[in-house]
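For clarity, chains are labelled A, B, C, D and E in written order, and residue numbers in each chain start from 1.
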Amino acid sequence: MKYGYYPGCSLERNAAAYHQSAMAVAGPLGIDLVEIDDWNCCGATEYFSINLLPAYALVARNLALAQDQGISDQLVAPCSACFLNLTKTDRYMADSPQLAADVNEALAAGGLHYTPGSVRVRHLLDIIVNDVGYDVVAAHVSKPLTGLRVAAYYGCLIVRPGYGGIFDDPEHPTVMDKLLRVLGAEVVDFPLRAQCCGGHMTQISQEVAYEMIRRLLKNAADYEADVIATVCPMCQLNLDAYQANVNQFFKTDYMIPVLYFTQLMGLAFGASPLELGIGKEFVDARPALSKIGVAVPSNGTPRKAGASKEALPMPRLEEERS
Amino acid sequence: MDNSYEPVIVGFLCNWCSYRAADLAGTSRLHYAPNMRPIRVMCSARVEPQFVLKALREGADGVLIAGCHPGECHYVDGNIKALRRYELLKRMLRQLGIEEERVQLVWAAASEGNVLADAVNRMTEQLRRLGPLRWRETVLGGDGQMTEYSSEKVSKEV
Amino acid sequence: MAAKEKPKFAMYWAASCGGCEISTLNIGDKILAVGEAFDVAFWPCVADFKVKDVEGYPDGYIDLCLFNGAIRNSENEEMAHLLRKKSKILVAFGSCASEGCIPGLSNLTTAEATLRAVYLDNPSTDNPKKTLPQPFTKVPEGTIQIPVFYERVKSLDQVVAVDYVMPGCPPEAHQIATVMDAVITGVPLPPPGRSIIGAGSVAVCEECPRQKNVKRIKRFYRPYEITPDPEICLLEQGIVCMGIATRAGCGALCPRVNMRCEGCYGPLDGVEDQGANMVAAIASVIEEGSGPLAGIDEAELQRRIGKVMDTLVDPAGTFYRFNMAHSLLMRARFTGGEVEKGAA
Amino acid sequence: MSEERVGVYVCHCGSNIAGTVAVEEVSQWAAGLPNVVVSRDYKFMCSSLGQELVEKDIKELGLTRVVVAACSPHMHERTFRATCERAGLNPFLFEMANIRELDSWATDDRVAATQKAKAMVSAAVRRVIHHQPLQLLPVTINPNTLIVGGGVAGITAALEIANAGYHVYLVEREPSIGGHMAQLDKTFPTLDCSACILTPKMVDVAQNKNITLLSWSEVEVVEGYIGNFTVTVRKRARYVNEEKCTGCGICIDKCPKKVVDEVFEAGLGYRKAIYRPFPQAVPKYPVIDTASCIFFQRGKCKACQMFCPTEAIDFEQQDQILKLEVGNIVLATGYDTFDPRRIPQYGYGRLANVFTSLEFERMVNAAGPTGGRIVLRDGVTTPKSVAIIHCVGSRDKNYNEHCSRVCCMYSLKFSHLLHERVPDAQVYEFYIDIRATAKRYEEFYHRVLEEGTRFIRGRVAEVTDAARLPGEEGKLIVQYEDTLVGKQRRLPVDMVILSVGMEARRDSREVAQIFGLGCEYNGFFIERHPKLDPVNTMTEGIQIAGACQGPMAIPEAVAQGAAAAARVLSLITQGTVMMEPVRAHIDAEKCSGCRICNNLCPYNAIVFHEDRKVSEVITALCQGCGACVAACPSAAIMGAHFTDEQVMAQIEGMLWDVQPQIAMTATGAE
Amino acid sequence: MTAYATTARAPTFLEEVIARTPGEPHLERCIQCGTCGGSCPSGADMEHTPRGLFALINAGLREQALCSNTPWYCVSCYYCTVRCPQQIHITDVMYTLKRMAIDEGYYTESTARDAPEFSKTFIDFVESNGRSFELGLATAYHLRYRPLNAVGMAPMALGMLRRGRMDLTPTKIKGIKQLQAILNKAKELGGVK
């Protein structure tokens, strides 16, 4: 399967590990990621705050490039923020002919034109679980992550607001949980799975940002997660690089490594930690990873109603029903 | 486009859904373009393509056919028959040089006064942009004209 | 004692192929009876008359005038007015005169495009100077005038009042014979005013021997695409047979030989537009869209139905093969540069 | 040129029309239209004076056609037809132009409105000239009635009709009648015990000679029309012989298989594989749920059969298909409660101590799974703090836009019951608006306020078990904005109750199709008129009652049940109804037997005569949609009151002002 | 609101905000339920909850609304947007308010006055390189606006460098001229500078 690939600024450097591991797993899974030539920044969450039309134009240039370079009608973005901006621009241009016209007038200044809908933007997680599928992934697992307690952390923009079409529940996503289970990991309940990592608040109000990060770390710790798995460079940065600051700020001592889901896939596929960029994280992942293969009995807080004799039945969830 | 031009739309409304939707739009005082002139039929399936052509020839700039949503037709599936005819008629009108916007089929349930009002507004806007049809004058008119054909005029196009 | 004056007969040929004339001669020896019964006052195709002769006649001099051919140019129209003036009974004879027929199909394009096709674009035409017929041409001797080519083809009744219409392309010889008999033997004709003579009052299906069942059409076929079952209604097999919307009188000639009815006898009483009625009729019996509808995806349904309709190539040309000039819209509309689109 | 003498009457409707349309101008202009002999405008045409005006003109001026330009024909067509009839003019020689709903009320552009009014009047005038005198078709009413749904609305309707001495078939999908009301504990605001007031009525149904109760049954097909419906009902196999069963209940005690009762106990309690939803069930006969019955699943057990004293258990029993002949139908199919699993952030299904309001009703019910004890999911712990969340799945465009109308009140009731049963518990009500809009509701609200419930204005954002702050561990944390303070807050509680709203039945659209009804966007059935005809439907002979028409509380449902019954009774006592003569007719002379029309009739009213090779419309079955009329390629089918001539003339009239009406074919005038 | 509900009077502040937001944000629908305020991850630290802010807008209290730190504390998590029972595009409205605050110079009053500076610094790099440049961003922004923090942030920056997670020099895209042409045209069209 051939896809256009939009790494986004983060994956060039600060999230290079994400890029490396993505490539490392893409190969075996038959995902051919072809980077679009000369792409530019998506504007993150900043550009829309300053100036509307240029913000759309900035993103639209990438869409236009993807469209013209004709690698594939699908464009994969591993970064949730990029994913949002690309899908949002495409969607809004489609919904508002006026906006489409303006953006295209701007693009014309650079000799480009983008027809809304001509490129379908997808998140890396989406294509791995939906285009490749759990079975194929399972087939590649040579070193199951047995015993590794992982908190699947989705963050916001991959599931909300769903401009690119909803591929998982915006409030309680589960696809990464399934994926990690396929890898053999023990996926812990993680109620805050889709809560915000603080985004750019680290730059604006550290108090606010640190509190958001703390909540997530606490929740992961409560469920005794060895590792937090992420799908977004921003989430990784905030939870990982700022973990020390948070500890300092709240007098806590969290030491939870934050890895990209692709890194965990790579490990399960038997790739070497090095080629997966493991070691670039601030909170050392090695102690946690040393557990792999060693089944540690869980004593994490159970979250189901005690099945005592008097106990009242629990309402069943969709998945249990089917 | 001459702004003084106001399109005239002949609307065929089915008795059970769309006509009641129009009634509801009125009772709830939804103001919409006064350009649609309503004709009540029992079901959108009663609307003959003949009626549409007749309206267009007699000077309508557009024709709106409104019925119940598929699955909600008072006569089970009359609206599906209307839809089938509309799809074929549309293709024939294309050949006769009539823009697609001039003949439209919409679904409006009895509770959807706003849907009907919006449809009329939308269509009125589209027809404003398209300009008048005025079939007799612009298409048939000038009976027995003595036009001369200048070979230059034609050869230029050749 | 003067011999009783024979009634006067005229037959004129405007924009048409001449088939009507041949069909008239096809009535066989009855033609002699016609000769017996009438004095021919004007019949360019069989005897040498000049327009001057006709202009010389007193008004209403001609008792029966069969006018075939459509009104394509100014000459056709002038003759129509002249013959109307000079005739007691004016019959729009054949499909061209009564509804425009094949010439009428040019109403799906512009006069200009028609001329261009004939004088410029036609591969067998050698016209380096790109000369086109001009109504008025100056020559040393003065100005030469030829008929003006009209923008659209009209039926006879669109330029003069018509007493009777005799449909068909051409009218079947036996039909002509019966009408002639009637006229000669003085059987009273129906009240004049575009009344139909020499044809049936029900659709072709009445005369068609094929087995007719409840209709559920999956898709349409052009005649060359399938070999139809010779026993079963062609329409049921997806062939766009116009028989259901066409006046009988021909004896269902085409369907009898596995060919779809093309509709030359025109629409039935009470039908204003043959094509529109075909649309209504056959679109209604498409299979697509039957079945449970609750919670159906409306756009998807419309798309599926549309796909079936796409298999019906050139609806206008098919439904209006003979009736275009006499249909409700009468011709296609051109807002510029759409000639190709229009000319199906 | 036609000889008809037309009278035109333009109504002011006070200022409703005259406010936007220049009515005098329209009527003066109409006077100049061909065939119009008189044209008047009047304040209220529908008033007796207005009608007398018309009658007088018909008699004195010899009008042969009448046009009234006023409101919607759905409003007053019948009125003016009657007017014409009184003056000796066939009622169908009348036409109405709707210049109110479709004109004066839909715009404020006086010029455009007046022009549109003229168009509609000229259209009506040209049309009415082509009208033909028609006679209404009398239809005799079968005195039997079908009632679908045995909730409180259906029960009420059934008893009203049966007590009037007519026969009723009451079809109920579940094993017992009673509906949602039977599940409730107390009813607001009076706090009577729901079961105590309902069961007597249920017993009346069981004992009433005029009622045939078909429980555990569903309607599959409805054919025919008002007065003469044929209804196909599937009576599902109970596997219990109703002749022999005494309802002693031994089989239930002996049944070894216990399953969660998703229906009556709302998933909070258990029942056996052979069961009776609740002790006072009507009918008293149990049913075997084959999906969980050990015998049906594994082929052995038969405990029930072994212990049944009357050998009533019959594993061989088959579904029965019944054909019922009825004249009227009342639909009282009720509602479904919103499934809060659709709002994951409220945690229902994931967080043990989040309950739905229906679960709570069962919990507080003395006959319920906990015998009325208010406890957490563990079945023992009594909650010390309870949050009740309003508008769950209601007033929310993502789920149901409508307000479910009952949640506010039952939530208040819950507060009261909590205070009563767990005096030291702190109760919080999270609301957007408190809607206490009926008799004694507001008073009840005040009472609950005084009982110490804390009301917090703010729609809850999420319920989580992820502790963030000290004191939150092991609790459910409700996160919300206190909108009156303007601050985001977190509140740890032991129990959360979701006040779920009312929705249309999941299968309401399918049901609507079976009975030929319309559905609102949200699936509730559409009434004929929201104000003036709330229980009647667009389909003659079919009434709707209760929450299948929209969210409502018990009193309204009961009132509607009775109203529907009154409707039915008036039809039965009339014996016959007159039906619109809008029907299709095939002119055998013109029919070529092409058979295009044969499969177009949804009521199979068109038959083909092989011998004569012509098709024919069975008038009694025809409903007048006109699908066949439009389809007939040789114009052999005539649609009474909607003929081609009439519609074509109407089209010309509508376009009177658009362009000169050049003659398209030359006339005699040379 | 149909195209026919025309009005002569000057637009209210609410109408302005709606007009300056792409698509149909439906802010006029707000029923003040507070779902947004309850859902917002940074809601506890906002001067006004989103709902509160909308009340100010509806009341036409322009200055108070545009001086509020609320939009700047929005982390674009879209919880409010997906949960809003009236389907109001809240996140988009926040972006609009940020732009209005900048255009009308109100943000300098805001307690979050640094935020726009951060955004600006960020896009300065994007506009001159086509890609973002974390080191540059961090240093430029922190040194310029929060020198004290810069010190606190130093160890992290070093850590980033040590782990090869930060470049010392910005990457420039080839088509930077093209990009700038596009952005300039867009600014010209957008009217906002």
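We take it that a residue touches a chain if its C-beta (ideal position, glycine included) is under 8 Å from a C-beta of that chain, and two chains touch if they have at least 3 such contacts.
For clarity, every value in this text was computed on a predicted model and none was experimentally measured.
Participant: What are the chains that chain A and chain E both touch?
Facilitator: A chain counts here if it touches both chain A and chain E, which gives D.
Participant: Please work out which of B-D and C-D is bridged by more C-beta pairs in contact, and write that pair.
Facilitator: Top pair by contacting C-beta pairs is B-D.
Participant: Centroid from C-alpha atoms only, then distance chain C to chain D, rounded to Å. What do you get?
Facilitator: 55
Participant: Averaging over Cα atoms per chain, report the distance between chain A and chain C in Å.
Facilitator: 71
Participant: If you average the CA atoms of chain D and of chain E, how far apart do the two points sit, in angstrom?
Facilitator: Roughly 48 Å, centre to centre.
Participant: Using the touch rule from the top of the page, what residues of chain D touch 2 or more other chains?
Facilitator: Where chain D meets two or more other chains at a single residue, that happens at 107, 345, 509, 513, 600, 627, 630-631, 644, 648.
Participant: When you check chain E against every other chain, which residues touch at least two of them?
Facilitator: As it turns out, chain E has residues touching two or more other chains at 4, 44, 79, 82.
Participant: Could you list which residues of chain B touch at least two other chains?
Facilitator: Within chain B, residues 30-33, 48, 50, 54, 71, 77, 81, 85, 117 contact more than one other chain.
Participant: Can you list the residues on chain C that touch chain B in the complex?
Facilitator: Spelled out, the residues of chain C in touch with chain B are 74, 77, 108, 111-112, 115-116, 120-121, 129-136, 148-152, 154, 159, 271-273, 275-277, 279-280, 282-284, 286, 288-290, 293-296, 298, 301-302, 305-306, 309-310, 312, 314-317, 319, 327-335, 338, 341-342, 344.
Participant: Considering the complex alone, what residue numbers of chain C touch chain D?
Facilitator: Listed in rising order, the residues of chain C that touch chain D are 81, 84-85, 157-162, 193-194, 201-206, 212-216, 233, 235, 243-245, 248, 268-272, 277-278, 280-282, 284-285, 292-295, 330.
Participant: Spell out the part of chain B that touches chain D in their complex, as residue ranges.
Facilitator: Within the complex, chain B touches chain D at residues 6, 8, 10, 16-17, 19-20, 22-23, 25-27, 29-35, 37-43, 45-48, 50-51, 54-55, 58-60, 68, 71-72, 74-78, 81, 85, 109-112, 117, 134, 136-137.
Participant: Applying the document's contact rule, which stretches of chain B touch chain C when the two form their complex?
Facilitator: Result: residues 48-50, 52-54, 56-57, 69-71, 77, 80-81, 83-85, 87-89, 91-92, 94-98, 107, 133, 135, 138-140, 142-151, 154-155, 157-158 of chain B touch chain C.
Participant: Which residues of chain D touch chain C in their complex?
Facilitator: Spelled out, the residues of chain D in touch with chain C are 509-510, 513, 589-596, 598-600, 608, 613, 627, 630-636, 644, 648, 664-670.
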